[in-house]
Amino acid sequence: MIWIVDILLLTIVVICAIGAIYVKDLLSSAILLGAYSFLMCLLWTEMGAVDVAFTEAAVGAGISTAFFIGAIYQTTRRTKD
Amino acid sequence: MIRLIEDLHIQFVCRIMVPLIQFFALYVIAHGHYSPGGGFQGGCILGASFILMMIAYDIEYVKKRFPEKFNTFMVAFGVFLYAAIGALCLILGAEYLNYGILHKILPADPVKVRALGTLGIEIGVGITVSAVMLSIFLNLSTFGKHEKSEV
Amino acid sequence: MKVLALIIVILTGSLLIYSSLDMPDWGDPNSPASTHVSPRYIEKTIEETATPNAVTSVLADYRGYDTLGETVVIFTAAVVCILLLRRFEDDKTH
Amino acid sequence: MEIITSAKPLFAILVSLIATILIIITGEKARNLREAWTIIASIVKFTIVASMLPDILNGRVIEYTLLAITSELVLQFKVDAIGIFFAFTASFLWIITSLYSIGYMRGLNEHAQTRYFAYFAIAMSATMGVAFSANIFTAFLFYEIITVSTFPLVAHKETPEAIKGARKYLVYLLGTSVAFQLTAIIITYNVAGNLNFLTNGVFHDNISHNLITLTFLLYIAGITKAAIMPLHSWLPAAMVAPTPVSALLHAVAVVKTGVFMIVRVVLYIFGIDILKSLDLGTVLAYIASFTIIAASVIALRQDNLKLRLAYSTVSQLSYVVLGVALLSPSGVMGSIMHIVAHAFGKITLFFTAGAIYVATHKTNISQLDGIGRQMPFTMGAFTVGALSMIGIPPFAGFLSKWYLTFGALESDQLIVLAVLAVSTILNACYFMPIVYAAFFKEPKIDKHNLHETLDKRTLKEAPAIMVIALVLTAIGTILIFFFPSLFLQLAQIVVTNTTGGY
Amino acid sequence: MNLSEHSSILIVVVPLIASFLNVFIGLWRRSLCYPLFLLALVICGFLSIDLIQNIINNGTIRYKLGGWMPPWGIEYVVDHLNAYVILIVSFISLLVAIYSKRSLEKELEESKLPYFYSTYLLLVTGLLGITVTGDIFNLFVFLEIASLAGYALIAIGENRSVLASFNYIIMGTIGACFYLLGVGYIYIITGSLNMLDIAQLLPKLYESKVTLAAFAFLVVGVAIKIALFPLHRWLPDAYTYAPSAVSVLASATMTKVGIYVLIRISFTIFEPNFSKDIIPAGTILVWWSTIAIIFGSILALGQIDFKRTLSYILIAEVGYMVLGVNLGNKEGFIGAVLHILNDALMIACLFMVTGGIYYYLKSRNIEDFVGLNKKMPLSMASFSIVALSMIGIPPTAGFFSKWYLIIGAIKAEQWIAVIALLFSSLVNAIIFFRILEKIYFKKGNSTKDINVKEVPVSMLIPILILATSVILVGLFSGKIISSIIQFTVPGGF
Amino acid sequence: MEIIIGKYNYWIYIALMMIGFYAMIAKRNLVKKIVGMNIFQTAIILYFISTAYKKNATIPILIKSQEVIDVTQYVNPLPHVLMLTAIVVMVSTFGVALAVIVMLYKKYKTLEEDEIIEILREKK
């Protein structure tokens, strides 16, 4: 029954993606993007792509989020859409 | 940024964690042949450890240990190492990046030497990636003014 | 603008869905992608490169040049960030 | 037909290019030297052209391939009878125009004289290029060089009006040549696979007639330099140029290049047979007839002397087109003869217009009353030119009209005959009043400017060098009538080769 | 070790290593950066000449990177088309390098020069890498190197350049992602990434929907990168506000390499009959590019800023090349490939002259060009030559490519395309003669041009070289076609 | 039904990609565009990883002692390698885009595209 887990994960991924786009606070958006990346990572591990998942964990969920937050501190959290 | 909060707890945890993270990063780089990982992942983790240091302490703290010029040098050096290993193969008479030819100068048979060559470039990638991550983060979060710790 | 964007997105999406119908099933071990080039990487990785991790051997050896390109990409990103953001003239005044 | 390979045509073209460089180097510092280059170049060029005459008269053809840019686009020169006919006329008149230009430029103390002489030389070089082209591609290349190099000459005065005129000039000439002529050439290449000028045309028999008709019309619309209506209005607009430019370029080089190209296209790209079978000659003849009459009528209404001459040019150019459109031996003969007859006649007229302007700063016909007494030589030459235009013996214009009339009879085009008759009358109508006013009318008493009115009774000619030039061309007009054998021989070779007549 | 055996890889590695060294040396002594930068590009130039000679004498070169047999390893395949584009790219980038020395002085702070040179070299590396490779994924990697460098070089310009650069990032990423998706689709049905290998595997899959989608994504991805008409929105701002040297390089090389990729996709990865017979892609692209030509020309007419005018002209010129490639006959193809060279020379020269005018005049407004011929005669002479070439007047280079394009269009019976080509020639004539008239005949009365004089020698030399080569290339286009271009024509034509 | 279940990974990747694509072209906020870009690229990576997957296969790290290698037991390593490169490209583009955004913010003090265009228009 692994595909049920799979579908559950995929659903959450989609929700995270939509959330990252629709929240009105860029910091939340950054965190949601991190979560999105992390869940993606799980999916890929499950598909046997450990190297890619490892990288995505380091980059997508880690470094990217750090960059994002660094940039937001230089700019603004405010957004209209 | 940088120095969001001057919290002793965080600094203490950091002091313990950073060496561990860095050690793990080196392991990941070196052990890429046998387990998931490699230069890029390891480099990322190494870079993340510096970023962690920067967040926990101060930008000056990192810059003292890791001067900007040195960092920039490392950015170019890692990838230069990579390209130079490729060029070394070329000079020894094989195609570019054909590590097999390195057995002329390294004490191993052509197949083993390929693994050594792989290790060499993984190290190069690791150096570059860690330095790049630090450099980009530094520039992004301070808007290029490395001295001021403004938020 | 938003309507136009939506139309473009839907068009692209329907092209993708339409083309997915002809794709090999997900996880099919006999799809061309799994049978044409990649078997050699798995079969010969130890024999030819002494690296059990096939991903590393492909990454750094079989397709090592791609990885050089990849490293250059990230090097480019660093140089670009320095070029765009770093303000050296402030160093001098301090 | 014997073919000689010789670089002479190339030299004839290069001479004035070298002169251009020398002129630019010499510049304003040494005026005499600069103008000496112009004169030397024009004489050398004429000598080279003349030296090729004997061979051509003996029925030979000179060929020279400069560069094969691609296998089908070849820069190649071929000197045949019609080419040398045109080149001979143009290079001879360049000598006289050079003299005249010097007088005109110095007389008015114009600005940017170096530029003027330099571009003039380039334009002449390109005119030779068109005359000696062996294929339509080479001809097109030089055709465009003429357009571009004469643009600064037309805009010479740099006044807003001059720039406006020059812009119109450029839009018409460049626009149509790129849009229509180039298309026509490309279609020709595509259909016939050959761009060389051949005596019986390049098209095969099995090509769709509609396509040939289309190509023909594109050519006619594309060669705007021939000033066929309705694409003629650049020519009056270009009259803002200094008079020597109008004289040489808009009576000889540019417009003659246009009609020369049309003759080339009609005789050597399409060939008489195809045009006859498709009845396209008649179409062209009607267009030309319309232009002749309409332009003459417009000329009647012009008060500005140069404008009247310009419309007269439009009308006269169509004689050449008409002649060749008749597709009969005499028609072609008349058409070719008219190139030289009109060149000498019209250049004289323009020269006189310039001389009047330099001497009295008058541009309008209504101001010319009684000017004949003041400038007898100039107005005498004007009369000669005008009579030649009308076609009265013993002037060159008579010869060509004679042949044209024969041509019309040969091809049973009575309408054309009528057109010739009417246009002769119209010519007389717009030229004779000027002559009459100049010699027989009393100068109008201008109360505001009494001094000048009195001036008119005394002799006050333009600078001598200009008068010499215009008298020379006037004499030339007469000489051609009495000793036409050289031109007739050349024209005959062309006619024999292309139509089989004579 | 025989160097010329390795010239196909060296041409990429030399600028790459030079870009690292530039960063090193920049930390230590800044004055050495420029000589190193120039040296690398000179070597590149020599290598490209060596390469093309090698190709002409010995035919296609295949170079196995890392010693692995394709399709397992990455392969470099250099045939006449690559070598030709490589020659153009390295030649132009060398000239721009010479040009950039003085023009940058006023547009960039000195401390950033090492990074600028480094980025510049990376851009060249990327473009050369795209051109030389025979592997579709490797192409993507180098495409990204070139794009990233391009984004940055544009962003350091003045005024709105940063926003332009951002738009470029967005559009460029969409383009690159579409390309990557196309690669993925090709990979899933063939299992290979090597172009020649794919070319053998694909024909039996032509009926598959995946093939169709792969082709569509590859072509649209590249179309964004080369700014084919409705996807061109990023280009005018980007090229207008970038530093002069960057505009020259980007306009003259990036779109050309994009066209090269398009040719590779349509005729090497896919067989010519795929876009001709199986799906009507050729016809669609012909119509698409016809629209691009017409709209590019019309939009160019309405601009005041001359760099912007040139950008729109460039969009029309891209239309020319896409048109020629897709006409489906030999003449059209030859015209397009010849136009790659001609357009690179012409656009580079025009952008250089504009930069030169901006150098002293501080304006690119066409209205301010009044009377410039007295101040900078040599630049303006070059400008005039190139203007004639843009209009398509023989014997300049522009005529010959247009000649072949029109013949190709007539043979393909695309009359609208013929009209579009002529129309754009006429529009060019209007644009350029309007400017020439200002330069040569209008009396200068503006106070701005007091300090204007001829551009510095190091900027003038590239301009003159380009203007001369416009004429020389025109006169020898037959030779170029017979020795190089005719071998690039794909089989089915 | 079989189509839907047999390829559900593909459907999800298409959905994600379209979400990202929409954000890239329709969102006014520049950072949101970048977020969209990230989602878009990650979706492509998901697609590639999906192509590499084989049912009942394990990660492509071989055990040395094994004598006979059965290819179907290991997932396809090639797309993984490609995607490693793609991730690096992604993060590089991300970094550069953020750098440009920071520059834009310092210049215009806003991150909304329409506000920036408004400012530019006023300048004229």
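Letters A, B, C, D, E and F name the chains as they come in the text, with residue numbers starting at 1 for each one.
Quick note on the criterion: a residue touches a chain if its C-beta (ideal position, glycine included) is under 8 Å from a C-beta of that chain, and two chains touch if they have at least 3 such contacts.
Keep in mind that this is a model prediction, so the values were computed, not measured.
Chemist: Applying the touch definition from the top, give me the chains sitting in contact with each of chain E and chain F.
Modeler: Intersection of chain E and chain F contact lists gives B, C.
Chemist: What chains touch chain B and also chain F?
Modeler: Touching chain B and chain F alike, sorted by label: A, C, E.
Chemist: From the C-alpha centres, identify the chain that is farthest from chain B.
Modeler: Taking each chain's C-alpha mean as its centre, the farthest from chain B is D.
Chemist: Quick check for the class: compute each chain's Cα centroid; which one is farthest from the centroid of chain A?
Modeler: Max centre-to-centre separation from chain A belongs to D.
Chemist: Using CA atom means as chain centres, which chain is nearest the centre of all the protein shown?
Modeler: Measuring from the global C-alpha mean, the nearest chain centre belongs to E.
Chemist: Taking the mean of the C-alpha atoms as each chain's centre, how many Å separate chain B from chain D?
Modeler: 79
Chemist: Distance from the CA centroid of chain A to that of chain B, rounded to the nearest Å?
Modeler: One centre to the other, that is 24 Å.
Chemist: CA centre of chain D versus CA centre of chain F: separation in Å?
Modeler: Those two chain centres are 70 Å apart.
Chemist: Based only on mean CA positions, could you tell me how far chain D sits from chain E in angstrom?
Modeler: Computed value for the inter-centroid distance: 45 Å.
Chemist: Find every residue in chain F that makes contact with two or more other chains and list them.
Modeler: Those would be 8-9, 21-22, 25, 50-54, 57, 59-61, 78-80, 82, 84-85, 88-89, 91-93, 95-96, 98-103, 106.
Chemist: Return the residues of chain E touching two or more other chains; collapse runs of consecutive numbers into ranges.
Modeler: If we look for residues of chain E contacting two or more partner chains, we find 16, 20, 23, 65-66, 137, 141, 144, 148, 151-152, 155, 187-188, 193.
Chemist: Which residues of chain C are in contact with two or more other chains?
Modeler: 16, 20-21, 23, 31, 33-34, 37-38, 41, 52-53, 55-56, 59, 61, 63-67, 69-77, 79-82, 84-86
Chemist: With touch defined as at the start, can you tell me which chain C residues reach chain E in the complex?
Modeler: 15-16, 18-24, 31-38, 40-41, 61-66, 69-70, 72-73, 75-77, 79-80, 82-84, 86, 88-89
Chemist: Under the touch definition given earlier, write down the residues of chain B that touch chain E in their complex.
Modeler: Within the complex, chain B touches chain E at residues 69, 72-73, 75-77, 79-80, 83-84, 86-87, 90-91, 93-100.
Chemist: Give every residue of chain F touching chain C within the complex, in rising order.
Modeler: Its residues touching chain C are 3, 6-11, 14, 17-18, 21-22, 25-26, 50-55, 57, 60-64, 69, 71-72, 74, 76-82, 84-85, 88-89, 91-93, 95-96, 99-100, 102-103.
Chemist: Residue numbers of chain C touching chain F in their complex, please.
Modeler: Touch list, chain C to chain F: 1-2, 5-6, 8-10, 12-13, 16-17, 20-21, 23, 25-29, 31, 33-34, 37-39, 41-43, 45-46, 52-55, 58-59, 63, 66-67, 69-71, 73-74, 76-77, 80-81, 84-85.
Chemist: Report the residues of chain B in contact with chain C in the complex, numbered from low to high.
Modeler: 32-36, 38-40, 72, 75-76, 78-79, 82-83, 86, 96-97, 99, 111-112, 114-115, 117-118, 121-122, 124-125, 128-129, 131-132, 135-136, 139-140, 143-147
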